[in-house]
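What follows is a single structure, and I will ask about it in a moment.
Letters are used for the chains, namely A, B, C and D, taken in the order the chains are written, and counting of residues starts over at 1 for each.
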Amino acid sequence: MSKNRLEAFSDGVLAVAITLLVLDIKVPDPATTTDLGSALGHQWPVYVAYVTSFVTIGIIWINHHAMLSRLRQADHAILALNLFLLMSIVLLPFTTSLLSAYLRHGHGQHLAAAVYGGSLLVMSILFLTLNHHILFPKSHLLSPQLAQERRTQIIRRGATGLAPYTLATALAPVSQYLTIGICAAVAAFYALPIASGGSSG
Amino acid sequence: MSKNRLEAFSDGVLAVAITLLVLDIKVPDPATTTDLGSALGHQWPVYVAYVTSFVTIGIIWINHHAMLSRLRQADHAILALNLFLLMSIVLLPFTTSLLSAYLRHGHGQHLAAAVYGGSLLVMSILFLTLNHHILFPKSHLLSPQLAQERRTQIIRRGATGLAPYTLATALAPVSQYLTIGICAAVAAFYALPIASGGSSG
Amino acid sequence: MSKNRLEAFSDGVLAVAITLLVLDIKVPDPATTTDLGSALGHQWPVYVAYVTSFVTIGIIWINHHAMLSRLRQADHAILALNLFLLMSIVLLPFTTSLLSAYLRHGHGQHLAAAVYGGSLLVMSILFLTLNHHILFPKSHLLSPQLAQERRTQIIRRGATGLAPYTLATALAPVSQYLTIGICAAVAAFYALPIASGGSSG
Amino acid sequence: MSKNRLEAFSDGVLAVAITLLVLDIKVPDPATTTDLGSALGHQWPVYVAYVTSFVTIGIIWINHHAMLSRLRQADHAILALNLFLLMSIVLLPFTTSLLSAYLRHGHGQHLAAAVYGGSLLVMSILFLTLNHHILFPKSHLLSPQLAQERRTQIIRRGATGLAPYTLATALAPVSQYLTIGICAAVAAFYALPIASGGSSG
């Protein structure tokens, strides 16, 4: 099976998921809002979560592209694993919305942060699983061939990438701000020029 | 007519429909929620329905790809049948939402399950109709040609695939859990490695 | 300018617009619904409007494909006219929703039908304008060249196509059912096999 | 890295964002509306904002296409800058919705207009930044090469394009109608035939 429609479908799902994030930014109801400035300012967690999740999905897209660019063709297992990866990414508009709704709330804030960090962790694990599946059991589908050393290096770097999301999830019971801060830092690290050499998933 | 834009349009519709499923997972209202954990736990039917429908649409996409990959070009009847197939798939975010809203409800649960199972059954019938139309009346559009035996085999396997959805719909008056269980089992069967050889629609 | 991204962007917009139609089919609120069957039956105008608009956008897509397939490349005027055409198509989820909300209502039903029919009429006029612009002032961008006779024939057929939407809009003050009936008949005519030879917009 | 998936992903995001604008046009609630005509007329700011934002995103798409068409391939910095540009574009359904909700309101109307104008200004600045990055530091990725004079001319024209959005934002405290008027005029200028030669962003 050619990988063209796999790329097209994945691009489509990622494009819709990243754009749906904006639906979480609500317009304050004119009927009940007396001070628009403070109402807009009050929902700052929404903006932080929007930017963090947008950049995160964007980076997943870049890395997803790098991962598939090594493939010559796809098989059923790759399609199925990719489907589960997309399923975890499509959840992000929900977990982002959950986090921004509870970030400054008196209760539920720790659970919401754990769900948010956990969803990013699950997504990273599925990404690593698919990448491993492509690089090792299905290495005959790679084009051009990659030395085992190089493949091991890619997986090792991906595994290291799990650490911050594990930490972000584990620290949710301590402080929801730590969770979002770590997730935002990961997004910034990969998006800023300093990581130019580090985005090959 | 070339089949490229047919693939692109179908991919787009499937990508949007599969992503809209996440809109059904609602954030519990912070103003009225006293226990976020139990509120999130309480809506487990939503997660079950999300996963089932997501995997189902994903498998449709894989099979749709296999179906079109046999075509050299498309004609008006193929475009029209494909349009009706897409129309049934785009309904899934609605029937999924209906099922998850009523699954544990005191009334309407059987009807909601019947609508859900029925929408998957209709979708399967339209898929089989289009596949039959491509493989038999329009077999001159196939590339490369397929032996009649092979074409009959594909249709026969597709027809067998109608059985579980017929059963799921028929059992809705008995138990809504049977319906969702059968539909989830079908999704799992096709997504898991064991069915690697069985996804060629 | 190559026409590839023009096709890709148009396909994307049409795919999103056609899929957003499903958001108009609402799940009856479990808290206030005592009879799900009659609640679902009661909203039959929603299903009629969904099917009519879905098939209509699908046919626009088929015709849009035929229109662009004649082009070798695009210029600014074609991009701009196509943008206005897309703007009218993207309105359909709104006018569809308006029609289905007011179809059986005691008041506003005629206006809602006029807005619905009118939006289809405007869309048809913009489609014809773009097609005329491609076939006449920009005929040097066609590939292969078409005889003037053939081009005149295409425009004439498109102009005839305006008649039913004009009629549907004009009859809205008489009966909203006439409006939706005519629009549904147009959709059925183009989608059914009988019109196989008539979809080259 | 090839630029094909960059174009496909950007096209997808722009197509979804432009289509989500229609969700801002609400159907007046049949239960509380006594005069549909005046209810639809009353929300004219929604239509003005819809048309302005739709045409604006459409023009961004045309210019984005022209910008990428000069590239032979993309690097990490281009991907990252493009991601931030998309993030500002995806905000437009929100800022459009904010403007149309407050345009005729007794308070908040100036702030809403400033946010709307400001979001277009930020988007223009990010567009210019990406275009400058492509034309100067990464000019070796261009294909074919462009004379420095021509590249300077493109950037200069883009910089001039910032003026109306700066003005629109600065005048928001004076009148929200000036803001939307200037933004609509910019959209009309680029969309109408007169600007045919001026869309190469």
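Please note the rule applied: contacts are C-beta pairs under 8 Å (C-beta built on N, C-alpha and C of every residue); 3 or more make two chains touch, one makes a residue touch a chain.
From a predicted model like this one, the values you see are computed outputs, not experimental measurements.
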item	value
Chain whose Cα centroid lies at the greatest distance from that of chain A	C
Relative orientation of copies chain A and chain D, as a Cα rotation angle in degrees, nearest 5	90
Rounded Å distance, chain C centre to chain D centre (Cα mean)	26
Chain A and chain C, separation of their C-alpha mean positions in angstrom	37
Contacts with 2+ other chains: residues of chain C	8, 12, 15-16, 20, 23
Chain C contact footprint on chain B (complex, rising order)	1-2, 5, 8-9, 12-13, 15-17, 20, 23, 75-77, 79-80, 83-84, 86-87, 90-91, 93-94, 97-98, 101-102, 105, 107-108, 111-112, 115
Residues on chain B engaged by chain A in the complex (per definition of touch)	7-8, 11-12, 14-16, 18-23, 25, 27, 30, 33-37, 40, 51, 54-55, 58-59, 61-62, 65-66, 69, 191-193, 195-197, 199
